[in-house]
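Two complexes follow with chain A in common, the first pairing it with chain B and the second with chain C.
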Partner chain A sequence: MVEAVVQNLVFGILLGALYGLAAVGIAMVFGVTKLLNVAHGELLMFGGYASFWLFKLLDLDPFLSLPLTIIFLLLIGAVLYQLLFVRMVKMPEEEKIKNTMLVGFGLTLILSNTALLLWTADDRSITTSYSGAAFTILGIRFPYVRVAGLVISLICLFALQQFLRRTYTGKAIRATVEDWEAASAVGIDVHKVYLLSFLIGTALAGVAGAMVSVSFTIEPAMGMHWTLKSLIVMVLGGVGNFMGTFVGGILLGATESATAFFISGNYRQVVGLVLFLLILIFRPQGLFGAKGGKQ
Partner chain B sequence: MLKVNDINAFYGDLQALWGISLQVDEGELVALIGPNGAGKTTTLKVITGLLKLATGSIEFLDNDISKATAHKIVEMGISQVPEGGRVFAGMSVLENLELGAFVPEARPFKDESLERVYKIFPRLEERQSQLAGTLSGGERQMLAIGRALMTKPKLLILDEPSFGLAPILVQQMFEMIEEINKQGVTVLLVEQNVRAACELAQRAYVIENGQIVGEGQGDDLLSFEAIRSAYLGEKG
Partner chain C sequence: MKILRPISIVLIIIILAYLPQVIEKDSTINLLILVFLYISLASSWNILGGYTGQTSLGHAAFFGLGALAARMLWIQGFPILPSILAGGLLAVAFALLIGAPAFRLKGVYFVIGTLALAQILSVTVSNLFPTITSIPVEDLVAYQLAPRYYLFLGLACFIVGAAYLLANSRLGLGMMAVREEEDAAESLGISALRHKLLALGFSAFFTGLAGGAFAYYHVSYYYQMPFTPIWSLDMLTMVYIGGQGTILGPIVGAVFFVGLKEFLVRNLGEYHLIVFGVLFILVVLFLPGGIISVWNKIQNALARRSISNAVKLSPEEER
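Moving on, here comes the complex of A and B:
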């Protein structure tokens, strides 16, 4: 019994790491540009398909093809930003959020239907020679591909934090988050910062999508599901604290698994929304967010 | 050095500036004074590229900067200290200063500039690893000015540097501004503290309801009847 509980928890955490990674992407974009990109899940889906087709057609290992997947997503991100989001980024904050939601939902429909047309509604997943393999510690199974998902998520997170903390460009991003007018007063091109942040968010969605395609399944309508998870996790962890966001993802994954195990699989999706409401009611700044916020 | 020619600017449908013209020559310390809401900050926004002007032109070192973006204008050598300082509160004092040297023109001189800023504001060196948000009001203002100096400006624009400071600090702040000007940085100072600004500046412009209504030598302005009654509370 204990073993089953722990096993369940481990699977929850490993899934939660991907929720976390997806959420860090959406939080990065929202935190810097205040654009709420509800099509983030669709970008993740495209990351999954990129990885899948690279494997299927070119026989490229999904882990080795990650750089290609990222480049593909950066291209999509750049086109979407220059075509759509750049028009909204200059609006006042409240208008910005409303307008990005409208455009984002439209984009969601377009992107998921494009995927449907191109690749049919079939569930797909990448099955490599090592897909089923796992190592066992104290009777608990750790599938390699899922552990790799966790490790890659952590690497992305660590790289992002170092980038923001240590590099000039990273500091410029943080400065823009704090006060874009003061940032432009020191000569920071805030529009470049916005574009860069959007691209970082897109790249993270791509990585998360690739990880989903090796550990789970992908299909054209998966985007909304992942956007929803990302939003829940972002609110859970608090905006502006990526470590907190990531831990929020793991927490959601673990809670979902526990619910499915102890109560019923039917309630798996509900628990996240309940958590979401509870956080909004009792701790609107998020579990790890600072009280009050900046503005 | 800076020539503002007959500019008009709007906030939406509302006209905020009506034909403003002013000029700052190299090495000068010029003040722009006027009551709250007169258009002082708006004028600065137009100069620094944060607000687009409708008509008129702005020249800096004989280049037209009317259509330049905010960061380009900084690269050309105009640096503004925004009202209230607006330091990056969540970052350390040193990081704030480093960000001042963000533009490619200033980055190679980062260490040199840092030394210079620490010389003018030794307090900042003592606090360099502290978060800017934990500084006192006066220290924040120093940091904001220091950050602006890190961009190696030819023209330094200060928006209400005395705002919110205790009188003793205001005095010190103005002495530091004078010192910076003596080091060869041209200064455009926007102030509500009319007496102090006029005493410090070589020339001053008076702005009211979005128009320039007076201009003169700093000291002379203080003896103007209109200024005395309007800003210094002295009935003529």
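Moving on, here comes the complex of A and C:
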């Protein structure tokens, strides 16, 4: 019994790491540019397909092909930003959120239906020679690919934090978040900062998508599900604290699998959402957001 | 001039009411029913989203609850109109239950929060009622399109009319004040929460009625189907495309939305959603006030022209 509970929790945490990674991407974009990209899940889906086809057609290992997947997503991100989102970054905040949501819905339609036409509605997943393999500690199974997903998520998170903390560009991004007018006055190219943040978010979506395609399945309509999870986790952890966001993802994953185990698999989504609403209402700054932080 | 408007409205309604006598194709009637349904939904959403400025992605919950209650009562043998009313009331009850906590959320958090609320209900309903609901055979034999057409036409007129009265009432002005500047409205003695709750109540009630009508119209569907978030997205989309916070905006938006989709489905087949997405983005980017703003701009331009003409003609200006 105990073993089954722990096993369940482990799977929940491993899935939660991917929620976290996806959410850090959407939070990066929202935190810096205040663009709420509701097509984030679709970008994740494209990352999954990029990884899948690189494996299927060129026989590239999904972990080795990650740089290619990232490059592909950066290209998509750059096109979307320059074509659409750049028009909205200068709007006042309310209008910006409204417009990005609307454009995002349009994009959702375009991207998911393009994927449907190109690759059919079939569920796909990458099956490598080591896909089923796992190591066991105290009777608990740890599938390699899912653990790799957690490790890669942590690497991304660590790299992102070091980048924001230590590099000149990272500091410029943080300065822009604090006060874009002041940042602009001291010579920071705010538009470049916005573009870069958007691209980082897109790249993270790509990595998350690749990890989903190795550990789980991908299909053209998956985007909405992942966008919703990312939004929830972003709010759960608190905007502006990526470690908090990531932990929020793991918490959501763990809660979902605990619900599936103790109550019913049918309600795994519901309990996560209820938890989310309660936190939203009683702790709007998120679990790990600064107290009194601006909403 | 002032008398022209009510006359033209009455004329349009009379023509619409006469249409089923002339049109023989069921598909056209069905399309019109869809237009009326979407006008009803968009106008209901607009009360909260447009006039009061609270962007909700949770309206699928009200629509779904209305459909659920009405369908169950009607299939049990209740007459349809009280069943639809019950659907509207159930939606209001739910709205008032969630209203106060939901309005603690602002801006984007309100949007995501309402989406989550609707999603909770949607999943729960799909767990409790996982089956398809179909109209019983004896009713199906008697199924006729014309009464449904009139029901939807009446509903759309009722909701648009109610929205118009509301927007021009003291309450409506309060709602707009809350939308424009909550703190300023509060300082004038307008309770923001009260106005938001009332807007939510009306909005949910009308959306629930539309759900009830939907339950009367649709032959068979999954109970969960009217709860899916796409309904909320469609409502928001139509209102923004048409022009939020106006009476005409949701109507124009709904006609545009249904018409364009239908046109694209017929002509482009499987590409239609992609093209729809592209056109949608273009409207959002290039017509920020919605389609209705184009009309206003033209009117303003004409007015300016006639003023400048008048100025040119005036003798004072000549000197």
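Definition applied: the second predicted complex is superposed on the first by the 293 of 295 C-alpha atoms of A that agree within 3 Å, B and C clash if a C-alpha of one lies under 4 Å from a C-alpha of the other, contacts with A are read in each partner's own complex, and residues count from 1 in each chain.
We adopt the following convention: contacts are C-beta pairs under 8 Å (C-beta built on N, C-alpha and C of every residue); 3 or more make two chains touch, one makes a residue touch a chain.
Since the structure is predicted, the reported quantities are computational estimates derived from the model, not experimental observations.
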Note to self: Touch test for A:V186: chain B only (first), chain C only (second), both, or neither?
What the structure shows: first
Item checked: If touched residues of chain A are counted for chain B and for chain C, the larger one -> C
Item checked: Touching partner for A:A134 - first (chain B), second (chain C), both, neither -> neither
Check: After lining up the shared chain so the two structures overlap, which partner does A:L60 touch, if you call chain B first and chain C second: first, second, both or neither?
Finding: neither
Margin query: Which partner chains sit in contact with A:L109 here, chain B, chain C, both or neither? Use first/second/both/neither.
Written below: second
Notebook entry, point to check: For A:M224, is the partner it touches chain B (first), chain C (second), both, or none of the two (neither)?
Noted result: second
Item checked: Touched partner set for A:L9, first chain B, second chain C, both or neither -> neither
Notebook entry, point to check: Which partner does A:A175 reach: the first (chain B), the second (chain C), both, or neither?
Noted result: first
Check: Thinking of the overlay built on chain A, is A:L68 touched by chain B (first), by chain C (second), by both, or by neither?
Finding: neither
Next item on the list: Examine A:V235 and indicate which partner it touches, taking first as chain B and second as chain C; both and neither are also allowed.
Entry: second
Notebook entry, point to check: What residues of chain A sit close enough to touch chain B in their complex?
Noted result: 168, 171-172, 174-175, 178-179, 181-190, 294
Note to self: Under the stated contact criterion, what part of chain C meets chain A in this complex?
What the structure shows: 55, 101, 104-109, 111-113, 115-117, 119-120, 123-124, 126-127, 229, 233, 236-237, 240, 270-271, 273-274, 276-278, 280-281, 284-285, 288
Next item on the list: Name, in rising order, each residue of chain A that touches chain C in their complex.
Entry: 36, 84, 87, 93-95, 97-99, 101-103, 105-110, 113-114, 117, 224, 228, 231-232, 235, 264, 266-267, 269-270, 273-274, 276-277, 280-281, 284, 295
Margin query: Could you list, by residue number, the parts of chain B that touch chain A in their complex?
Written below: 48-50, 69-71, 74-75, 79-82, 86-91, 95, 98-100, 102-103, 106-107, 147-148, 150-151
